[in-house]
Amino acid sequence: MQDERPPVAIIMGSQSDWETMKNAADTLDALGVSYEARIVSAHRTPDRMYAFAKGARDEGFQVIIAGAGGAAHLPGMVASLCPLPVFGVPVQSKSMSGLDSLYSIVQMPAGIPVGTLAIGRAGAVNAALLAARVLAIHDEDLADRLDDWISSQAAAVADYPTDDM
Amino acid sequence: MQDERPPVAIIMGSQSDWETMKNAADTLDALGVSYEARIVSAHRTPDRMYAFAKGARDEGFQVIIAGAGGAAHLPGMVASLCPLPVFGVPVQSKSMSGLDSLYSIVQMPAGIPVGTLAIGRAGAVNAALLAARVLAIHDEDLADRLDDWISSQAAAVADYPTDDM
Amino acid sequence: MQDERPPVAIIMGSQSDWETMKNAADTLDALGVSYEARIVSAHRTPDRMYAFAKGARDEGFQVIIAGAGGAAHLPGMVASLCPLPVFGVPVQSKSMSGLDSLYSIVQMPAGIPVGTLAIGRAGAVNAALLAARVLAIHDEDLADRLDDWISSQAAAVADYPTDDM
Amino acid sequence: MQDERPPVAIIMGSQSDWETMKNAADTLDALGVSYEARIVSAHRTPDRMYAFAKGARDEGFQVIIAGAGGAAHLPGMVASLCPLPVFGVPVQSKSMSGLDSLYSIVQMPAGIPVGTLAIGRAGAVNAALLAARVLAIHDEDLADRLDDWISSQAAAVADYPTDDM
Amino acid sequence: MQDERPPVAIIMGSQSDWETMKNAADTLDALGVSYEARIVSAHRTPDRMYAFAKGARDEGFQVIIAGAGGAAHLPGMVASLCPLPVFGVPVQSKSMSGLDSLYSIVQMPAGIPVGTLAIGRAGAVNAALLAARVLAIHDEDLADRLDDWISSQAAAVADYPTDDM
Amino acid sequence: MQDERPPVAIIMGSQSDWETMKNAADTLDALGVSYEARIVSAHRTPDRMYAFAKGARDEGFQVIIAGAGGAAHLPGMVASLCPLPVFGVPVQSKSMSGLDSLYSIVQMPAGIPVGTLAIGRAGAVNAALLAARVLAIHDEDLADRLDDWISSQAAAVADYPTDDM
Amino acid sequence: MQDERPPVAIIMGSQSDWETMKNAADTLDALGVSYEARIVSAHRTPDRMYAFAKGARDEGFQVIIAGAGGAAHLPGMVASLCPLPVFGVPVQSKSMSGLDSLYSIVQMPAGIPVGTLAIGRAGAVNAALLAARVLAIHDEDLADRLDDWISSQAAAVADYPTDDM
Amino acid sequence: MQDERPPVAIIMGSQSDWETMKNAADTLDALGVSYEARIVSAHRTPDRMYAFAKGARDEGFQVIIAGAGGAAHLPGMVASLCPLPVFGVPVQSKSMSGLDSLYSIVQMPAGIPVGTLAIGRAGAVNAALLAARVLAIHDEDLADRLDDWISSQAAAVADYPTDDM
């Protein structure tokens, strides 16, 4: 079970990233992990980002999920301003299909870690699952719910492909 | 402080990956986090990998750092066989400079998360720092040591570049 | 002629891969080679994959065609768990157009071979043709059918392009 | 056991590819599979290539391993001229590190299959192993030798990394 | 003016390439250069390609324009079988947007030249223009028509952009 | 002529970037433009970066040249915190040869501009020249020195290549 | 405030680039910076380009924004013919999504600087903002308008994402 | 036989390109085709480039070979200023291994053709061979020498690879 304060912050650079990042939110909902979603732009609201990152631990957050696209600086900057684990989701960009987002997030220099997930929706779902795995280290109920989730996922895989789908 | 059993497993696909992955080990040493390093090849020792991944939680591990190169399947397969958080380090490959390693690790489908770090040495250091950030959520001493580490890192940055280095 | 047990297994990571992989099935049908198609996910059903791969030779399979997308681990993992020839089909992914699938399948380390075909539909057709070429080494009837297939393919190529198509 | 005529042809575009392709030859030697190695350039000796490919089945070859670099047309052209299974090895090129070789070999259109291996040395070793897996379908002794080879490969993987290597 | 026999052959790997390659034909029409367009597949009709390339000079062709996609071997193989200048057009492929076509055509080894144009329609137009520039070396009328074409092209460029288009 | 306070700040993420960025300094020296070079790491010294960027206009700087490598956030973050023109230099990285640096710097979202130069030394020289062009708009002496510089550059180009160099 | 003559020239290679480049015009309009937009093709109207670039400073322009796609030579050629600061916008191309445009513009050799912005619309907006930042160095009113623009941009970022957009 | 005026111009952007481009010169020497080699920089000597390109036909040149690296504008600009056939050689660049050179040369818009060869030495050799193929259309002696060159090339390919080289 999670604390009274939501343990997970889901932040993103703009409203347009929500289409991707709500997949993280939906996954946390399914696992019974509470979270708070906010728009924090590294580039357009650098002061808000600074304040958020510096205060995130004191707000009670334990894990931060950050999604951004293009020259995506949000995950790395938050990881440099805040000591919590940060998981980055590269949002798919228009001209480079998210390669720019991916490289901007994953290629952090030694010293500032960002655990990076896949480009787009899959990455958002997995950022939530990774946050849940982290929280489950000290939350046996959540660990059980995760085990159930994994089992149902396996059980949902049909044995044979079908033309009817 | 960490438990009596090492909380972190550092696994890698071959002895040749150790040159990269020992940077994770050195970083954990510097932070006072104990770990165990093992060679577990997804391709050459799949049975060993199955056994390791299925038993990792019961062995007491809390976080797994997995490094591999080329068509790098170790981090993703361990994440699919084991419910712990897995952080993947793409080892730099000869012909593709690690792009193949990176894509094979980071582009996991929805359902199985691997938090991926940068290609090569920086990624290995950061996998250790990310593991420490995760463990520090419930370990205030480690959190303090991490804060100190971050402060010394900042303090070590000179104000002006010099030709003498 | 093929044995009573289908000599070819067509496996894929998810139902959504069937749209691509049924092109392999259709090609084998056209050549009179029997096969069995199954969903075997390296990531969501690792135990099923383990069991399938370990038992594939005893089930009577002679060649395995494996399709997967993104961080595509299925072909390589099956090749590491099973001594039969494995032919991999990179399924086209959304953000990277299948480059991630291709690199994850083709860049196997020395020791574990996966014969990789083109991304998408062409690769699925060709995996079937390659399986047929392998089986035709000891099946003269199939060799004749393949020769016919290649001749008709050549004969079907018009001499001049036309605006009417 | 293999036939009196070598079942495997190893062909390559130039003498300079031998540094890579001899890894295929060495692997076949280790498995007791006989082969013949020839230089057959699609571009500089197209007539030799036509003659070789058209006659390869009658020469008694069962599998062809073809290595080439840059705009690598040898594997695909041989596969279009000859009904045997062809396994392609992208030789590492100078300016593109073998990406041009890889794309030129693997992206064959539907109709003409080339089973493609990794760029460079690993690909050459694996082309040999894949040829051996194909021949082992009807050669139980070779199948046993391959099983032994795989077991020794697994046994050779140390449990722990060491700084002494 | 051109000879009675058309001086330019436009060849392509399949009917589906005509959508791209007819832009070369239209451009030659506009310049009053006669040509013949044929389907010649390196992979599906290698004998036809062999015969075409070996006989092209005797047929009276002076320049060959060859379009192909994916692992595009047609331009390079024709250049190796025939001593005429060959200009290659990379047809845009589905999964790699023509990068595979481009690399397969342009990265020819020393000894066999293919003058490569841009991917897709622009490349087809320019292959025709390049053929015309070659023929114009010894055809002053064509040189004049080309000069006119270039002047009209320049004159057709408006001075100011407009929202009405 | 420049003001008493140096009009150009050259900032970089680490001492190791100085090898590249001193080419910007040398070029400004050659043009008689004064500057100040500082190490300001977005990731290791985020507070220093905030303070620098927020105060740069008041310090009298008119143009900022920022060099960084890997997931290079320095140019973009400074451009978001400071209203001066920022010119970014992608420092060549080890595994990706600077492609990650380039994409992280150039692909800024609408709203926050970074004028990006070439990867490595050429980019550093050109960042200085671009800063000089900007300052020359209101500094005729500098404009004259730039014109001289451009003329000498042209004059230094030999007419014929020589084997003696 | 700007001079009577427009200080900014927006040039582009063709009418089809206007869809992208009008975003630069709109942004300058919003900031009260006057400009003139012209079509100047490096390839189809090289004489017009030569004349424009040689005369741009005398026409009273202070900054040039140049957009082009594919093998985009306009920004670099104008920068080599004219001493003003040039900002380049890579227009998104069909087959390479603008990567060719980006590399052709940003990878200028030492000696000729082009400040390059992002591919497509974001780059066009930012080229205008960068031009405005340059002009604002000696135009306090414009500096104030830019500060207001940046503040409104920050204020327009909602605190929380919403499903209603 | 060639005219008294050399029919081929070999131009390049800088002295440093000569290491690559002298392979074109050596190949023309071997074929008995005369040429003139000059340094003509699109960026550093644009006036020289304009003069050269505008006058090349009148100087008696029939074919132009142009080599350049990075944002390589020389081949395309010369092709836009001069009606002769232009063959472009992408010189291998430091950070992008010549990919930037290749894209800048090959991706020309419809209207201005550049026949592009491979990156680096192979491309320089092939540009010379392509120029010779063009000249041989109306020069039977050269056609014979080219045929001999091709035959010797084929004859020089050994039948079997050897460890002694």
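We just call them A, B, C, D, E, F, G and H in the order they show up, numbering each chain from 1.
Convention: a residue touches a chain if its C-beta (ideal position, glycine included) is under 8 Å from a C-beta of that chain, and two chains touch if they have at least 3 such contacts.
In UniProt terms the chains read A, B, C, D, E, F, G, H = N5-carboxyaminoimidazole ribonucleotide mutase.
A quick note: this is a predicted structure, and the numbers were derived from the prediction, not measured.
**Student:** Note down the smallest number of touching-chain steps it takes to go from chain B to chain C.
**Tutor:** 1
**Student:** Same interface as B-C shows up in which of A-F, A-G or F-H, over half of contact pairs matched?
**Tutor:** A-F
**Student:** Taking contacts as defined above, which has more of them, A-F or D-H?
**Tutor:** If we tally the contacting C-beta pairs, A-F comes out ahead.
**Student:** Per the centroid of Cα atoms for each chain, what is the distance between chain A and chain E, given in Å?
**Tutor:** Each chain reduced to its C-alpha mean, chain A and chain E end up 50 Å apart.
**Student:** Centre to centre, by mean C-alpha position, how many angstrom separate chain C and chain F?
**Tutor:** Roughly 52 Å separates the two chain centres.
**Student:** Can you work out the whole-Å distance between the CA centroids of chain C and chain E?
**Tutor:** So the centre of chain C lies 35 Å away from the centre of chain E.
**Student:** So which stretches of chain A touch two or more other chains?
**Tutor:** Answer for chain A, listing residues that touch two or more other chains: 14, 44, 70-71, 96-97, 99, 106-109, 111-112, 118-119, 122, 153.
**Student:** Strictly by the criterion at the top, what is the full list of touching chain pairs?
**Tutor:** A-B, A-C, A-F, A-G, B-C, B-D, B-F, C-D, C-E, D-E, D-H, E-G, E-H, F-G, F-H, G-H
**Student:** List the residues on chain A that touch chain C in their complex, please.
**Tutor:** 92, 97-99, 118-120, 122, 153-154, 156-163, 165
**Student:** Residues of chain H touching chain E in their complex?
**Tutor:** 23, 62-63, 83-85, 87, 102, 106-119, 121-122, 125-127, 129-130, 133-134, 136-138, 143, 146-147, 150, 153
**Student:** Could you pull out which chain G residues touch chain E in their complex?
**Tutor:** Residue list for chain G touching chain E: 12, 14-15, 17-18, 21-22, 37-39, 41, 44-45, 47-48, 70-71, 94-97.
**Student:** Going by the contact rule at the top, pick out the chain H residues touching chain G in the complex.
**Tutor:** Residues in contact with chain G: 13-14, 42-44, 46, 50, 69-71, 73, 76-77, 79-81, 93, 95-96, 99-100, 103-109, 111-112.
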